[in-house]
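The data blocks that follow each hold one structure.
Both of the next two complexes hold subunit A, though its partner changes from subunit B to subunit C.
Moving on, here comes the complex of A and B:
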């Protein structure tokens, strides 16, 4: 672990009391009135000035502006302050701004604490209670700042090699983008083919690009790129290490279902481009600095009897219909024929296996309901309907929907075009879904629906075919989830760290999300996410080292007694271990942290009977100081026109 | 002449909010300008599993009237942390009973980044409880 460093700058101990006396600067933002319209910032500044340890308290109209930042930097450079508290908007917006300013002034960016007095004070409280609450929150921040020790980021050497798991459009896009950044990339794919779900599609909504053409182009580039090694029919069988140096083991997967007649690199309709198979025999092992998850999705499989599925050969899923439609030949009468069977009319039913509601829908074999919207099926259904109407104008098309979600560029126009092409739209309520009934008449099936667009008219639609617009489900990747310790959302898709701030990142540093393993998305969105993931991974690896936030567990060797409670409580295997060491001629066990593996959750800190382990920058002592300051009356100097009441007043009414 | 109520007298509520879910959830409430009692103080935490049982008891002893742990629930980014936390909360409830502290003063809940209504409900409910109960008083017999 010689490549791991977590030391305090300036020779300071990384824990315990700082050697230098705390000189705290408090900087309070008006936010152009957003804060100062409700919080008396000058009163707060005066209160903070009198707080022990606070050497200066300033206000600024916009603390994030250049003059605001410069006032902080000048105080740091002059030695007036050595710890900074900024009271302004949510830390997610400007915490990094102020940390960077501190670093530019030669200070330690981790001797900084943020007080959120906009979103959590001035935007929700008014008048004296807002001013008082701001005072207490800033006091709490100052209480923590007093105990902050200098920290330096953890630096880890990074292998300039990435692993992409999944060979669909997202995986291929990510691999190409990584290679374009000079990163050697291994792409593994469980099946024999590159292309994933995209290879099964035809013309893509809404602009009609050829899915097979896109797969051919991407796979061709993948297979000819010298920096990319493709491993088809391969699976990840072991995974360890940490960001910058993940140890990876790849083994050959099952050899079934490989098109023997096709040559490697050839496109097989409905399947994709045949890729090079992983060599049989011993597993292949290597180190990768970053991993991109691009494991894709599964199509929802309707339950037997769901809208006639399984009971009638004429009830098929949308992916199956798209495949059959690709091979349908035009006829002089303009009628769609599937095989020899004419399709005079067909009904597409939306939201099958999506937007399921507890108590309304039945759970499938997995025991889960898909409460999410699969997003892509509305456009895919309308696209298929348009294809039928334009190519086979003698075939009538009904679309039975709950809500239409044509959200992307060009999709609304496609929806309008479908109406112009005489696709008939009917809207049903989820409580009274359409019924598919086998009948003995001119048509094999009848779809009975209560149409909300005609104010509840009950309609009976004679059809030759029912198409179920099935949604997306997470791919069955339980083995990978367990192996890589990936978080999963309530919808069972992989869960990003933050939907807005870190949308393609995971709490496991160095592992990124690309495409439909994260959520339902169309091919363009999946490629977009993949490029984001590749950019993140590339930026991480190109420097040759990785810098991680130093907010990880740290053991105080003077207090550790080697009980091992922390190791038992640790949530990430390998992050903590007991190691034999010699103290005073005696061999003893002591806890040791591997910083790059530590998640910083603090599960260890709670259980140590000696209080010998803490999370740097988030210690229990610091939290206790914050609580003390919230409860303290020290910041409130009693003035002539104010007294402190020990008896409770009615709390501010909630709205 | 104005009268300001001390923190202990106003019934301080401490909210331990996870940085991935509940803390941005509280920000979302602010962005919606939805008011809630000003005696609720939010501390950002990476994972509330950090806090041992004694932290909670000490908070009550210092004068905190109510604590809401706003976690990520099942969507916790630290696999296994929520389960460990739930187990710890059971242990804290047992300790609270020993000390004669009403267990309604501590609540574990899950708040997402956009769970505005749930956030407001939790804070308002806890505020009603702390206004009803007043400051925490430890059982002298248990203390002895």
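Moving on, here comes the complex of A and C:
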């Protein structure tokens, strides 16, 4: 009760003073039966109440609910507790919920410890052993909580400047959205042109927008925006720093690919809008608060002999066919001609370089199989087929597919329209793919397919052209992946932190994902992701500062002898270094932490021979307290007499 | 091996508005058809799509077993009107018979 008076009079948060004796509140959640069906929650509460340092223990049907959070906040405000332990689900779900509740009550959100008694207890154990394991985990949390000191988040000033890597539809969309939020933005592009993969397309599926028109409009806006600086033929050559203050270095790339005849700002068909080239000479260096990755994709290059590719001039990829189709002139006979060659019929083969199956497909020169679906090729193929049938009705079109995936708005209608236009669809099994054979007949090529739609019959398609619907692969950005330390998925595309909860974020704080560097997307989806990334980056930079969790290494200057063992063990370059300082007139080396770069992994704490470095909020002393409490029988000693639940070793508990 | 002839669908249009181009071969029509066995009427529509007129002729007796109950047309998800395709094929063979 004396505790109550102490805080009520002072008006200070109970946890504000580190000298305060620990008054731990333990809050145990039923999780609506998820936990309480297997753990005797009341028994655990009674055990915890009698633990040293614990002043109150409560239960709630849902501790994360408003009333649950209120009960914690009231105890903090009244001064009954100054450290909080919540025993509920995995901390990934609600740790931040409860830390925020503590902060709202005026407490220090870092004087908090979480015990996971759902995933680690009630979902995997039953009966008395479940109750006992929950008791031990919560005891450990309480043991640690006693030693928790108040911490403050690391505050990093954020540069109001962003770097966008890649000048395709995603990069341009992201740059424009950042500039619209008042963020100065630098966009770098390796090629001489703005437009990326979109610049190579024609009318876009399924609504028929003009790809060149979109590229022109975006690039025009980019080049005229005073907040955006465009660096074409530029590459990132050095990268360091941390969220809010990344140091970047941009160097001119080779200039071989530039179209000499085009003026800057002009649209070059199939390439994009010619952008301003990075000035030759010395690299340019500046600080950027956030980075948007918009490095795009590469089209799958078929292997020689794959569906006749490389062996026959009449076998081309879909991107190439789309470009040729753009320039094809209509003729009175309604027949498509490529060059002077009439195309009486053509076959489009789907899933080339996509949905590859180990043991069925052979690995290409990259040594990888593309097991993913490229998502855009079904619609692109059908769109091309429809264009041919409508513009050149005398040309027949066959589509050979494994599955049709027309998933987006308007795509299914386009598929139906292609059927109505008498595009002939045939379906093959991956184990018996179509063969493209050169023949001496009326047609140069014959496609032979075992058609599943015709009950597995072998059919022959005489054709003048074979089009391979090649999929998307990640662009070759190994240098950027290494420089920025980006995670890559099994499909080799960049991997987001969480597919639903943090879909455009990366574990590297301040770096965001936009477009097909993350996964195959169509132009609309890429623009969508880019706007998301720009919104995230803008929200970060507009505050002017970034707050990071304070769980980083801290050096005890009294104990550090400058051995440098921690610097050698450190996993993140720049997070730890030795600095010369003067102590008692003598020059000595001492370890110094750059908190914004520290990963909080604890490798330094493990190797320091002097025990002079610790991770705040996770000190060795706190770990030891947890281990002691896991092994302790204190919680069981009090309950054994009351026979609330059977202890695993009652004999020992009685001692 | 048989060669595909997509031009057959164009020829068939002389005998009815629905030649089966819209069918995407889901098989719903065959599943609801009260006639026993096989893949009727999808099989006929598929043969029409790839121009396998000989196959349709070989199995043309099946066309005359059709009750024209309309279940397939009612349930077709693509609006391909399978019942009408069967009628169209009947008209084709009736015309061929008259000519002969």
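Following the convention adopted for this analysis, the second predicted complex is superposed on the first by the 440 of 655 C-alpha atoms of A that agree within 3 Å, B and C clash if a C-alpha of one lies under 4 Å from a C-alpha of the other, contacts with A are read in each partner's own complex, and residues count from 1 in each chain.
Keep in mind that, in the parts below, a residue touches a chain if its C-beta (ideal position, glycine included) is under 8 Å from a C-beta of that chain, and two chains touch if they have at least 3 such contacts.
Being a predicted model, the structure only gives us computed values, none of them experimental.
**Q** Based on the superposed arrangement, let me know which partner A:123 touches: subunit B (first), subunit C (second), both, or neither?
**A** In the superposed model, A:123 contacts subunit B only, not subunit C.
**Q** On the A-aligned overlay, A:461 touches which partner chain: subunit B = first, subunit C = second, or both, or neither?
**A** The second partner, subunit C, only.
**Q** For A:448, decide between first (touching subunit B), second (touching subunit C), both and neither.
**A** second
**Q** Could you tell me if A:599 is touching subunit B, subunit C, both of them or neither one (first, second, both, neither)?
**A** A:599 sits against subunit B, while subunit C stays out of touch.
**Q** In this superposed model, does subunit C or subunit B come into contact with more residues of subunit A?
**A** Looking at subunit A, the partner in contact with more of its residues is B.
**Q** Would you sort A:422 into first (subunit B), second (subunit C), both or neither based on which partner it touches?
**A** Touch status of A:422: second partner only.
**Q** Looking at the overlay, does A:536 come into contact with subunit B only (first), subunit C only (second), both, or neither?
**A** A:536 contacts neither subunit B nor subunit C.
**Q** Of all residues in subunit A, which touch subunit B in the complex?
**A** 90-92, 116, 118-120, 123-126, 128-130, 132-133, 136-137, 140, 485, 487, 489-490, 495, 497-500, 506-507, 551, 569, 571, 599-603, 605-607, 615, 618, 620, 623-624, 626-628, 630-633, 636, 641-655
**Q** Considering the complex alone, what residue numbers of subunit B touch subunit A?
**A** 1-12, 14, 20, 24, 26-27, 29-31, 33-39, 41-47, 49-52, 55, 58-59, 62-64, 74-81, 84, 88, 113, 120, 123-124, 127, 131, 134
**Q** Across the complex, what residues on subunit A touch subunit C?
**A** Per the touch definition, subunit A meets subunit C at residues 396, 398, 404, 415-416, 419-422, 424-427, 448, 451, 453-455, 457-462.
**Q** Using the touch rule from the top, collect the residues of subunit C that touch subunit A in their complex.
**A** It is residues 1-4, 6-7, 9-10, 21-25, 39, 43, 46-47, 49-50, 52, 78 of subunit C that touch subunit A.
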